[in-house]
Amino acid sequence: MTLQAASGLSREEWANRFAAVRGRTEALCESLEIDDFQVQSTIEVSPPKWHLAHVTWFFETFLLNEFAHNYRPFHPRFKYLFNSYYQTVGRFHPRPERSVLSRPTVAEIFSYREYVNHEMTRLIRNLGAEPWPEFASCLELGLHHEQQHQELLLMDIKHNFAANPLRPAYHEAPTADHAASVPLDWIDYAGGVHEIGHDGDGFAFDNETPRHQVLLQDYRLASRPVTNGEFMEFVRGGGYSDSRYWLSDGWALIQQRGWQAPLYWERDNGGWLEMTLGGVRPLRSEEPVCHVSFYEADAYARWAGKRLPNEVELEVAAGAQPVDGNFVEAGLMHPRPAQGADDRQWYGDVWEWTSSSYGPYPGFHALAGSLGEYNGKFMCNQMVLRGGCCVTPQSHMRASYRNFFYPADRWPFTGIRLAADA
Amino acid sequence: MTLQAASGLSREEWANRFAAVRGRTEALCESLEIDDFQVQSTIEVSPPKWHLAHVTWFFETFLLNEFAHNYRPFHPRFKYLFNSYYQTVGRFHPRPERSVLSRPTVAEIFSYREYVNHEMTRLIRNLGAEPWPEFASCLELGLHHEQQHQELLLMDIKHNFAANPLRPAYHEAPTADHAASVPLDWIDYAGGVHEIGHDGDGFAFDNETPRHQVLLQDYRLASRPVTNGEFMEFVRGGGYSDSRYWLSDGWALIQQRGWQAPLYWERDNGGWLEMTLGGVRPLRSEEPVCHVSFYEADAYARWAGKRLPNEVELEVAAGAQPVDGNFVEAGLMHPRPAQGADDRQWYGDVWEWTSSSYGPYPGFHALAGSLGEYNGKFMCNQMVLRGGCCVTPQSHMRASYRNFFYPADRWPFTGIRLAADA
Amino acid sequence: MTLQAASGLSREEWANRFAAVRGRTEALCESLEIDDFQVQSTIEVSPPKWHLAHVTWFFETFLLNEFAHNYRPFHPRFKYLFNSYYQTVGRFHPRPERSVLSRPTVAEIFSYREYVNHEMTRLIRNLGAEPWPEFASCLELGLHHEQQHQELLLMDIKHNFAANPLRPAYHEAPTADHAASVPLDWIDYAGGVHEIGHDGDGFAFDNETPRHQVLLQDYRLASRPVTNGEFMEFVRGGGYSDSRYWLSDGWALIQQRGWQAPLYWERDNGGWLEMTLGGVRPLRSEEPVCHVSFYEADAYARWAGKRLPNEVELEVAAGAQPVDGNFVEAGLMHPRPAQGADDRQWYGDVWEWTSSSYGPYPGFHALAGSLGEYNGKFMCNQMVLRGGCCVTPQSHMRASYRNFFYPADRWPFTGIRLAADA
Amino acid sequence: MTLQAASGLSREEWANRFAAVRGRTEALCESLEIDDFQVQSTIEVSPPKWHLAHVTWFFETFLLNEFAHNYRPFHPRFKYLFNSYYQTVGRFHPRPERSVLSRPTVAEIFSYREYVNHEMTRLIRNLGAEPWPEFASCLELGLHHEQQHQELLLMDIKHNFAANPLRPAYHEAPTADHAASVPLDWIDYAGGVHEIGHDGDGFAFDNETPRHQVLLQDYRLASRPVTNGEFMEFVRGGGYSDSRYWLSDGWALIQQRGWQAPLYWERDNGGWLEMTLGGVRPLRSEEPVCHVSFYEADAYARWAGKRLPNEVELEVAAGAQPVDGNFVEAGLMHPRPAQGADDRQWYGDVWEWTSSSYGPYPGFHALAGSLGEYNGKFMCNQMVLRGGCCVTPQSHMRASYRNFFYPADRWPFTGIRLAADA
């Protein structure tokens, strides 16, 4: 497939949108010390400075190099250093060694951003009408790509700070009101033939297409995600040491890694603490459980006598709802309890693991060229997640959005919504 | 779910069927030297003697211990040694160390088999009517379990012998006629709502249930599997060194392992040889390609401008066809070229990789108790294969049968059937 | 250097000696089942059948191929399969995969031995006088090489059987009288200039040469090796969990491997058992402690306020003593308590770790050609042990003998003799 | 042993010396960007900021905590973060994770240094006479410890910068005159009884004591270290692919790591470049070869028909010579060619690998208490090096100085001096 024609913004509106997204990335880094920009606390994580450079490389490679006359790259080796995984673009620096790159310095990377911003803005304003549609499509992709990295940046900073025995705080978290727990209800959905996938209005990644029909059986969904308090019962009840609840690969994994609770939980004199982007604080039972792997989500559901929903069930349920909730713009950067019995939390707070393996929709075609590496080549061994989370930009989310991670991953803001057969 | 009541055989017919399956396993070992029984050439493989004991342990654990009055196990430690992965049955000997078990000797394991055979036969004849239906269900499961291990035995022997620089032959393969290649055709199938899954007649594993409806789009399937000759074009054309054809995990894997051809292909002075259960011989271009991983199957399909079928598409296509083909009973133990334009090879020859991740059907429930560990706990990270192969017992196969392996596995007799959108 | 001219035996005496050593190897295998011949329970261990073939390969490669006119190797691939580490002889089968070699079978390896025995015997009788001296030197080396593998065979069988949960016994151990413990005395030795190294009479490996002078300070040696009872005090006193006693590399190792006692000790209801070649039995406090690594020996000595002797100190002390003790010929195959206050146990029972890193003596030259790989290339990272043990052939031992193992190794029959400054 | 009473400086002289050493460490960091302080390019390397903090922790732990009344540590967690390996002081942060410590920031670590400097200076001036001698001993050890880390800092920065594809330069290297090669001569030394070890004047580490007699045979030493040009002949002559020259462990290592030249050599269009602290530049044949492992040094010597010297031979030869040469104070930070036929380069330029395994001298006793972990616990698996190098502080060196590294290490400035039997 080719990227869809981007929406009908004026050149100046594009320039503003470009500036807004780019500026937002830098704003997210304001509380960091220069020292913080280079930490890679595990292989899946990238140093903040690498994120800053990589999203810039994306614009340089797929837009400036392609569309700008006589564009001169900022630095000849950045092509090698900041390519993430685009094999067709050329060789690239090995992912596990990103923390070695003290040069370019943070200051130089900010200069790189400024240089590319300047060139991009000029190009947005001056590019001829003929190449414009294709350019605008790539531009829109580049902005969504940068928004994805805004979320990764926050996930990775949280992991980096949690790996430091000093447990620094990224921000001063807003004071939360003490919230009462909202009881769990069940909502019934009728089966039959439904349509899912992107419907053609606005931007979508290739993996959300084509829109197509699917046949569902009747099903039920929980009215809100599983809370820390509910998950605690599983922990206290020996859920992590009873093989009956676990997929075979999951059971092997928790033995090997010694997992006994979600990622950022810490025991403390009989109670529990939780590391957050605001530092370590007591675990709150009414908040959605977060930072569980697919295996833990699946084991919890089996323990609870339920199951995980598949991605179709969630899209059908959430598709008709407005895309609002606790996103990064709220500034909490942490999942929030349901704000009442009507707060379904379809969007924001925590990514919801589904039972769906990430694969192509019927009739799927990847983008042509190097951008075809964006999504399609990961369609194996990963599970789909839906709905966005508290560090996702709200404008980045939509009902058909398919996120995907390996079943062992739990450094994203991942949670659980239960499902059941009707 | 509970196991379905087994079909209405008489006690004597059951005893005969038990004897036949058990005897068949031993017959498959006739050409082995005692030395051959203990090799574990890689962690996925089990030594032949371990297979012989494990299938016997299954009858001892789930039938004799449960249904025979005062049954006395053959050896108190066999429970530990020959449990494969049933966590709920107790701790077990680590899989990677199976080649260490020189004791019990091969002779002792044959005595174990004889002892259990004797006790089982007595129980089949004498068990009361009340427990019989549940017993018969478990018995049937035990026999299918043993048939699965007959296939594993041959897969594993092939791997063991291929790992030996002397490349011994397991049997003297029948002389093959020189076969002409059969051209590849395409068969059209109509979409719409179809039913798949076991329909309730005869035995099936829990993972084939419940039968349910699925919605398909129109599609096409190749008239026969991909041949060595066709796959050779991919190899010669640089398919293994062009990242565009590969899933990301597959690309990483082939770099790491240095794969440049299917598992048992060997270069020889500009030509190619192939290790078979009959020893090493020149590669035959008209035979179905075999021993490719899911990644290689998927890459080949992408190179060919096609895709892999999903498991529904294959079941719909093959469901109406008789289950015959080149199975283990034919004695070839190697895939055979299509025997003419009408030979679709839906069954036998090679297991066909599908694009379907192995998961539960809608409404699936695992068996109760320890036997619930049989299938359900592997429903993650694996891909479904369909149709059986040249080392599968014919009576073990049916249209709804779902085999599953990790996408990197290629020591099973795995091949490729192409599919396309209509 | 070249090998020393072997001692003045007649051809027939050589033939008899050859037959005796070769026969002894096979006698050691009499109690094994065919199944036992192929186990490789860890990478350092070789399967018994591999030992049987490798020592035969040695005669084939360095004697028959070199000296026999028109010698035809038994099998063209054995050169590849049974070379251990002689890089200059050619490529060889990877050590970790020796358990894969079900072929050649045990029976074929015995045929191989018979074939080579026959050819060797003919050559011993008929070789011309001119090449004889060099041949006899290599022959003598080959016989000592085979004796080394007799010891390895027993070490490896013990490890293999201990890795089997059934804990089979290799032999029926002679009943031991209950022995009283012999108190530990100290013997004083005067420093000054001493000579060590092989003095030129009889066979020696190249690493024992040249004989040379060394300067010693006054020192003391324990009158016998450390016993199980003494070592038990270290274990019970928390020796394995107090870093002060340990070399840094040793401390890291015992954390990583979870070592808390010598290799074959097993806790049993508050008491201790020990795996022996005669099976598992209660630990006997009066026996020399065995199967400790260098790190454990060194930590024990530091805990005891002593040190390990260096190899010079041991050779000076033991050099004047007759080479007798509890060797393999005694049939115990297990260390024996001191048989009275005068039983110094300089030889046999347990190899004694020294503080000497294995290196070349001043003026050392390795053998010319491939046999130069015999000893010299291992002169790094290993520690010298002295005195032989209960599975060493007595005729293989002498005062200047230098054995060597990595400091982490403990599957040899290794023990501890304490030393102190005067 | 206890530390020797330090030399008779006045309090003010001690304060000045303390200030000088501490200031020197910071001066070495002047050319670094903040980004550079946190890189750990391999597990053996520590981030510069960690070095800065660790040497400060040493003064805090062993001097301020022990001798200063009511000393209040700068930060309660630094005890955990900046302990390197002193098990007896308490648990410590895992070495491989040092690059994760973005906090404390570089600025905070400089504050830490300032705080400790201030407290130390006060203590030096005000400590009572009674504890002074012990304090002064520890102070002297702390200063030598910091000098060791000055060298490590430069070694590690070089490794970090070489791991960066941009290959930054640490400093602007002085322009070197083109030097002519100096021919290699041989110097004869007489054997007999010699004395080595520290003689009691001035500071020495415990591992240099006690001074003792050793017996040497006549020997010869090369008049200067091996040059790049000489080593190049070994490389070009296939030295890295001929097993005959290599110790067994070394041969395995170079296969596994793919080594084909010294660490910082790079092929460039048929020629060779070398990474230096001044950046990448053409390899100069007349300079001493540097950054070779013990295995490479040993293989080179064997190829050359010579051997490596042992540590006694070097100490006897160099002991009578003045300790001068190309040390860090020269500012080159790179080995320099011999400055004429009389320039023996006994000191400075490159550390010279010896054939001596690092072990205790006869009668050695480690320091009492935690400082006993300084040297003694590493006396296994490492080789002794002698003479200092171009990044060693000159005042840190002496004839009896014993440096030690694992035989595989080659990121120190290590070179080769040949020896031979007389």
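Labels A, B, C and D are assigned to the chains in the order they are written; within every chain, residues are numbered from 1.
Operating definition for what follows: a residue touches a chain if its C-beta (ideal position, glycine included) is under 8 Å from a C-beta of that chain, and two chains touch if they have at least 3 such contacts.
None of these values were measured; they are calculated from a predicted model.
Look at where the CA atoms of chain B average out and do the same for chain D: the two points lie 60 Å apart. Chain A and chain D, compared by their mean Cα positions, are separated by 47 Å. Centroids built from CA atoms put chain B at 38 Å from chain A.
Taken together, the touching pairs link the chains into one ring where each has two partners.
All chain pairs that touch, listed by label, are A-B, A-D, B-C, C-D. Residues 33-41, 49, 77, 80-81, 93, 97, 99-106, 160, 163-166, 168 of chain D touch chain A in their complex. Residues 85, 87-88, 193, 212-215, 217, 243-244, 246-251, 294-295, 298, 355, 357, 359-360, 362-363, 377-381, 407, 421 of chain A touch chain B in their complex.
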